[in-house]
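Each of the next two complexes has chain A plus one more chain, namely chain B in the first and chain C in the second.
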Partner chain A sequence: MFNYILDLLVLASIFAVVAVGLNLQAGVSGLPNFGIVLFFGIGAYGAGLATKASLPWTVGLLGAVLVATAAALLLGRLSGSLPGTYWGIATLAIAEAVRVILFNQDSVFGGAQGIGGVSLPFASLPERTRLILCLLVMIAILAVCLAISQRLIGTQFGRALRLQREQPELAASLGHDLIGVRTAILIISGAMAAAAGVFYAHYIAYTGTSELEMATTITVWTMVVVGGIGNSYGVVLGALLIQTLYSTSRFLGEALNLSADRTASLRIMLIGFALFGFLMLKNDGLLPERLRKIRA
Partner chain B sequence: MLEVESVGKDYAGVVAVAEVSFGVEPAESVGVVGPNGSGKTTLLNIISGFARPDRGRIVLGGREVTGRPAWTLSGLGVARTFQLPQMPARMSVLEVVLAGARQPVSASPLGGLVRLRRSRAELAGAVERADGLLERVGLRRLRDDPAASLSGGQQKLLNLVAALIGDPRLLLLDEPTAGVSPPLRKVLVGVLEEVRAKGTAIVTVEHDMAFVSEVCERVVVLDGGSVIARCAPSELHLDEQVVEAYLGKRRADRGTRSEVG
Partner chain C sequence: MGGALPTVLVNTVIAAMPLALIAVGFNLTYSLSGAFNVAHIEFATFGGVITYWVWSATHAPIYLAAIVAMLAVGGLAVLMRRTIIARLLKIDPVIAMIGTFALATTLEAFVRFCEGSSPRSFELPLEIGTEVLGVRVSPLQIRLVVIAAIALSLYLVMLWTPFGRRIRAVASNPELAEASGLRTGRIADGGWFVAGALAALAGVIIALTGGLDVTIVGNYLLPAFAAAIVGGLTSLTGAIGGALFVTFVEQAAIGFNFGSPFGTSVQLPVSLESAAVFLVLVLVLVVRPGGLFSRRVRSV
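And now, the complex of A and B:
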């Protein structure tokens, strides 16, 4: 049971990092990325491909961050020609296209089988110690991402992001390069999501397309919406709550005597209800974004 | 300081600005007037980098800047306000002004993350200036309120303050008095005088002729996308073509009207 809780917390902190990244895009910058899983997948495949090529995990991480940066540059450029929602649809389409390519390309990406045998961190230690160490590492990564996020929101760069989120013309007239600031935040948050993907692949010792489905994107969006879009601490809370709902739904499935397939569907349904419920009843989330008071 | 040279723009085959040329010197205040649809706002959008001209050149301080994006022009000292500025709901009044202040260190993500002391010093200086400007236009007590909660006239003054905190060399105003109450209008006239005294050139697109007479030395009159007259504001009602453009062909209703169009 204790191991089960540790596992839940590790997964919650991995997805909290993705959620903090998505919040920087969708919450702080008004960039509705419906393909956030693309960055996560770049990380997971970075870990997988490094394993396949017998390279150390750091190479996988570095490669993933570089590819994520390239993807961010492309999406940033795209944000100049496609306004708001259309940009969001494009991100969804790109993420799906990449998933389908990975799913069907066997020789490099392992196709439907994915890439197994990704090295487990701290593999030689007893299970409980291993989980605790994984959790500590992940919490440290989350803390760094959270600190970067919190700090950036309050800088002039953050003000440019938040002003262009609501009033792009006003922001441009005050000297803020719209494409530049959007691209910069996509690179920073994309690197966060990619790092989470690298760690995830190592944690479950496998890289595949099953986590690159739309459902993962929706789960992360639900974390952001439930926690409080625009509020970094809120989305971490949202990640913890939604991951708990996700993990514990297994017991609900057992209690209802459902097959594994049905339990998986039940999970997605529960997350869907959570997202819909919050959108209808409390769309600013549990910890809403607040106006920033400036001292001095 | 600003040269607009034979600038023109079409929208889907319709001529918005046919061919307009004029210049503005430092500390000079020029009004651009004309009936609705005469191309005033399009012209302002071209000068401020919000629209790309199909013809002609924009030269700023001897340097051609035609077609540069708004943020580049802002960096070169061009500021503008909007006819109906929409302020953000999730930022305070003070934050909107700060967004207009030059803070090169903390405007870069790396600088903001790493150079904490420099960022803090920049912010402190900007807050002090912002508070002074907000005080000047009577918005200081609202500094921590959501910017979107201000009245229409207050939002226009906020837009002006955010544009001014960057110390522009050229200030472009799009109908600054529309929707502004008489007391705020008085503040506006005073602020513009101070800005000019510092050497900033001002171009004002405006319908309110009384205001134009008050703040502009020269007027460029547009009709159908072309310049039909250049004169002092006091001579506007004497120009047959101008009167016709505004009022149609009939006897001029001598100069007493303050709001036309």
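And now, the complex of A and C:
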């Protein structure tokens, strides 16, 4: 039971890092990225490919951050020509396309089987110590990401981000490089999500396309919306609550005597309902963004 | 597997039909409400599933079951717009889009929960295929292409009726349409009904040709997005061209013999089919973000 809670907390902090990254894009900068899973997947496949090539995990992390930067440059460029929600659809389509390509590509990316045998961190230690160490590492990463996120929000750069979110024309006329500012935040937050992906692949010792489905994106979005879009601490709270809901709902399936297939569907439905309820009833989340005085 | 251009063209027409039926509705609802409905693809899923439910429960002819499904899904689309999307749109278009995302996930999970992932079949009688330009096609496929083409033509004709003119008015300038005394809510409902019914028909076509399989409709998600974007999101008709273009690229990537001009055989691996669509999508987004057929390029 204790191990189960540790596992839940590790997963919650992994997805909290992704959610903090998504919040920097969608909440702070007004970039509704519906393909955030792309960055996470780049990280996971970075770890997987490094394993396959028998390279150390640091190479996987470095490669993942580089590829994530390239993806951020493309998405940043697109944000100049595609208005708001249109950009969101484009990110969704690109992430889905990458998933389909990875799913069909056997020789390098392992296709539908994925890449197994990604090295476990602290594998030689007993299970409980291993989980505690994983959790500590992940909390440290989360703390760094949170600190970066909070620092950014308070700087001139953060103000430029919020200004271009609310008043893009004004921001441009004040001399802010809109595409440059957006690309910068996409690189920073993309690197966070990619780092989370690297750790995730090592933690579950596997890289595959099943985590790259839309369901993962919607889970991260739910964490952001439930916690409070625009508020980094709220987002971490949201990640903890939603991961708890997701992890414990497995027992609901067991209690109702459902097949594995149906349990999986039921768990996704629960996440959907949570997101839905918050959108309809309390769309600024549990801890709303405080800085924001003007409602868009 | 043929390598000639006519083969690719025949395959394109067959495969593009359901895609066009889905993509046209994507753009219709986007134009009418300014929110991209991610759950639109689920209308196709529901079209196939409801047809199967009606057919297996009553043993009515399949075309009757399909009509029931189209009406039901059209109604579902209207209900969704009224109760959820219109409400969320008042808050923010991005919030509305997250809402449709949540709807898509929940509806898909619901269908999977009810139906499971194992495919079902409509147990259609086997028919002798005919050869069209070197491609073996079953009479069923020909009938479905004709039905889809009729539905798309009716949609185009509809856009030029008084009702269609109102739809175009609301799509191009909702405030002005409202101020001119048009009942924009009713008109948007009509548009959503049409979009839902067309997607349901696509779902029936997919289910009749490939068997009812919830996961198959998921495979149409990316091409449908690509067709809608390539055709231009704000264009009410461009998606048909977008669907044909995307399918042609897909079919050409897998079916065309790139070595034929040089007298050799060079075929791309099947895994590159989706990569080709991806490349087209990104190219269009970077070079012509308003879609292939747009005259003006939109900016911030």
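The definition used in the following text is that the second predicted complex is superposed on the first by the 291 of 296 C-alpha atoms of A that agree within 3 Å, B and C clash if a C-alpha of one lies under 4 Å from a C-alpha of the other, contacts with A are read in each partner's own complex, and residues count from 1 in each chain.
The rule is short, and it goes like this: contacts are C-beta pairs under 8 Å (C-beta built on N, C-alpha and C of every residue); 3 or more make two chains touch, one makes a residue touch a chain.
Because the structure is predicted, anything quoted here is derived from the model rather than measured.
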item	value
Touched partner set for A:32, first chain B, second chain C, both or neither	second
Chain B versus chain C as contact partner of A:163, first or second or both or neither	first
Contacts of A:74 with chain B and chain C, given as first, second, both or neither	second
First, second, both or neither for A:178, with chain B first and chain C second	both
Contacts of A:273 with chain B and chain C, given as first, second, both or neither	second
Touched partner set for A:252, first chain B, second chain C, both or neither	neither
More chain A residues in contact - chain B or chain C	C
Partner chain(s) touched by A:155 [first = chain B, second = chain C, both, neither]	first
Contacts of A:96 with chain B and chain C, given as first, second, both or neither	second
Which of chain B and chain C A:230 touches, first, second, both or neither	first
Footprint overlap on chain A, where chain B in one structure and chain C in the other make contact	169, 172, 178, 296
Complex interface listing, chain B residues touching chain A	48-50, 69-72, 74-75, 79-82, 85-92, 94-96, 98-103, 106-109, 112-113, 119, 122-124, 127-128, 144, 146, 159, 162-163, 166
Chain A partner contacts - residues on chain C that touch it in the complex	34-36, 38, 84, 87-88, 91-95, 97-99, 101-106, 108-110, 112-113, 116-117, 221-222, 225-226, 229, 233, 270-271, 273-275, 277-278, 281-282, 285-286, 289, 297-300
Residues on chain A engaged by chain C in the complex (per definition of touch)	26, 30, 32, 34, 74, 77-78, 80-86, 88-90, 92-94, 96-98, 100-101, 104-106, 111, 168-169, 172, 178, 214-215, 217-218, 221-222, 225, 259, 261-262, 264-266, 268-269, 271-273, 275-276, 279-280, 283, 296
Chain A to chain B touching residues, read off their complex	148, 151-152, 155-160, 162-163, 165-167, 169-178, 180, 184-185, 188, 230, 289, 291-294, 296
